């Protein structure tokens, strides 16, 4: 299927956005189930996409405890957030219905092992693209670029950026790169906890001075507590979120990149952002440029 | 192997924190445990009841939950302390419940005749307990208390999820930085714990031997 | 024995005791009220903090958490029993080539924190998944503890039993199987049941590797709804109920065994066994 001309795509995108806007205003919902499933998707035989399309099912690894990015309420069927929304977009392109997606929780430690042993088909879990990771798994995208930032109490003016962290108690998840960065590069006193939410609890009760991790995650928390918390400082690292897949699957890489770029163009990406992270009152940024597949 | 040597400083720092938690926890557990044991055998019913409730609730609660209650609950009551202090409070109060039971069974093994003799000499409850019963109970109680304290040493590892970087937390940090050396790191830090446990076991056996001689 | 520590109270002592009771009671109740008032002040008893517990979804999640806790616990205990028996027999063996490795294994797994074991297995063997890693850790640690309990139990059976068995011409294995082990097991039952309580509590360490047992479910609830105090209260009640029933069962079994065997040795739950991890 030849790719449509850029101009045609833009018109399609506008039309699509208009339709989506109408649909959104009609149901006033933010579930993003307005993602249309491709009913006649077809892929070259033997590719992973063909297999998934034939099976009609896909297993996606995502986070369950990061509001705005990937969070599952206890007892709910599926997680909500930017990552699950991207997952639905990918599944739709594969002709897989939303309720046929199996969501598996992938934490930082088991993203690569789960891709390697096939526990999940793809990983969309605030998965930063790095050269080291690209040695063991494939990463397509990025679909979102963020960076490490700081979350502080709303009335705290002493911390405006990472340079103000000397000697301050900064909380993050144990074993994360964020906590190492603030300790080693900015002289903060590291306070590891099991989840970001617990860090935020500690911040709210005043036991720590700041919480640090990817700005995207912090925005989610700021959205839930706009009167008590705020995100400060420029990003002091760059995190490019990508979609993980099995190493060496070049066709998958191309398919994912196309899907990601397609979502930038037809507005589904922006809609996904607005319905999740956008609730923090942040405007959807410019979509990033996707890396070429090797 | 090199990874262990290169990061020896960090690993030792981690164990230093482990030992600090252990020392603080031991003091707290022994003090609170003794007080609770006294409460449980005292003639004042509310104290007996309070002691029994404490022991029965704490012994049946996972240590992680105790940590959560202390680290998240105390600040809500206005008590704000360092995370290390919270950790010591958590392991100390948790272990105290077990110390109490060990002491209580120790008290019960001291022959009833001892207490009767003490009473017949006119000693009060407090004097009977402190001068006659507890010293004798202490000797038979050394091995179980030894086991309890060894368990507490291992329990300090739970503090890793509550703002304190001790030996197990160091494993997690180094494991993230050097995933290829995971096996070495694990066995290296495990060896550290084994050494500490062995030292404790030897110390307690010595203590028991000494006290038996004094009998 | 405790009652011998003080005379039956006479009128003066009774009055003093009553005063002490009142004062003690007031202090205890006062503390509890103070805590409750403080919490109330910070809004922990507001309706919206307890609302999530009106949602059936929440209770479904809790029910799943309990189920998964029990799953891990039951499998862990079963495997630990098997491993424990093997290791105990190994430690009691007369052949040092069997005895030494068994001793090393037991001492190693009793010295290493369970948290570290679970975390290591999760990273080193990702195929296990969180359930597998948790159960493996529980099995190895509790297997080592049970090995010691079994060993103590077998050694506690009166020598006369094994001597009589040997004099009847029974071989070592028969002596173990037919004479020692059955009696040892009966003596060890209370300790075994207590160890089950330990295993149940230790399943809470699964949080490190994202196993969705009861405690983690609780954490997910308060992560989502920011209602720590109510959630903690609910989860604590559940844990204490389950564990206290098991402990009561252990006590019951201990008392009945003692009566039935007429004072034969009962292996007391090694007191460290209760200290989870």
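A few points about this structure:
Every chain is named by a letter (A, B and C) in the order it is written, and numbering of its residues begins at 1.
Definition applied: contacts are C-beta pairs under 8 Å (C-beta built on N, C-alpha and C of every residue); 3 or more make two chains touch, one makes a residue touch a chain.
Please read these numbers as outputs of a predicted model, since none were measured by experiment.
Distance from per-chain Cα centroids to the pooled protein Cα centroid is smallest for C. Farthest chain from chain B (centres taken as the mean of C-alpha atoms): A. Look at where the CA atoms of chain A average out and do the same for chain B: the two points lie 43 Å apart.
We define each chain's centre as the mean of its Cα atoms; on that basis chain B and chain C are separated by 16 Å. Separating the CA-averaged centres of chain A and chain C is a span of 41 Å. Under the contact definition stated at the top, the residues of chain C that touch 2 or more other chains are 123, 207-208, 219, 228. Under the contact definition stated at the top, the residues of chain A that touch 2 or more other chains are 194, 198, 201.
Listed for chain B are residues 72, 76, 160-161, 172, 175, each touching two or more other chains.
Within the complex, the chain B residues that touch chain A are 72, 75-76, 80, 83, 160-165, 169, 172-173, 175-177. The residues of chain A lying in touch with chain B in their complex are 171, 174-177, 180, 190-194, 198, 201-202, 205-208. Taken together, the chain C residues at the contact with chain A in this complex read 55-62, 122-123, 126-127, 129, 207-210, 217, 219-224, 226, 228.
On the side of chain C, the complex with chain B involves touching residues 1-2, 4-7, 9, 13, 17, 20-21, 24-25, 28, 35, 38-39, 42, 44, 107-108, 110-116, 119-120, 123-124, 197, 201-202, 204-205, 207-208, 215, 219, 228-229, 232, 235-236, 239-240, 243-244, 247, 268, 270-272, 274-277. Contacts from chain B toward chain C in the complex involve residues 40-41, 43-47, 50, 56-57, 59-65, 68-69, 72-73, 76-78, 94-95, 98, 101-102, 105, 107-108, 110, 112, 115-116, 119, 124-125, 128-129, 133, 144-145, 147-148, 150-152, 154-158, 160-161, 168, 171-172, 175, 179, 182-183, 186, 189-190, 193-194, 196-198.
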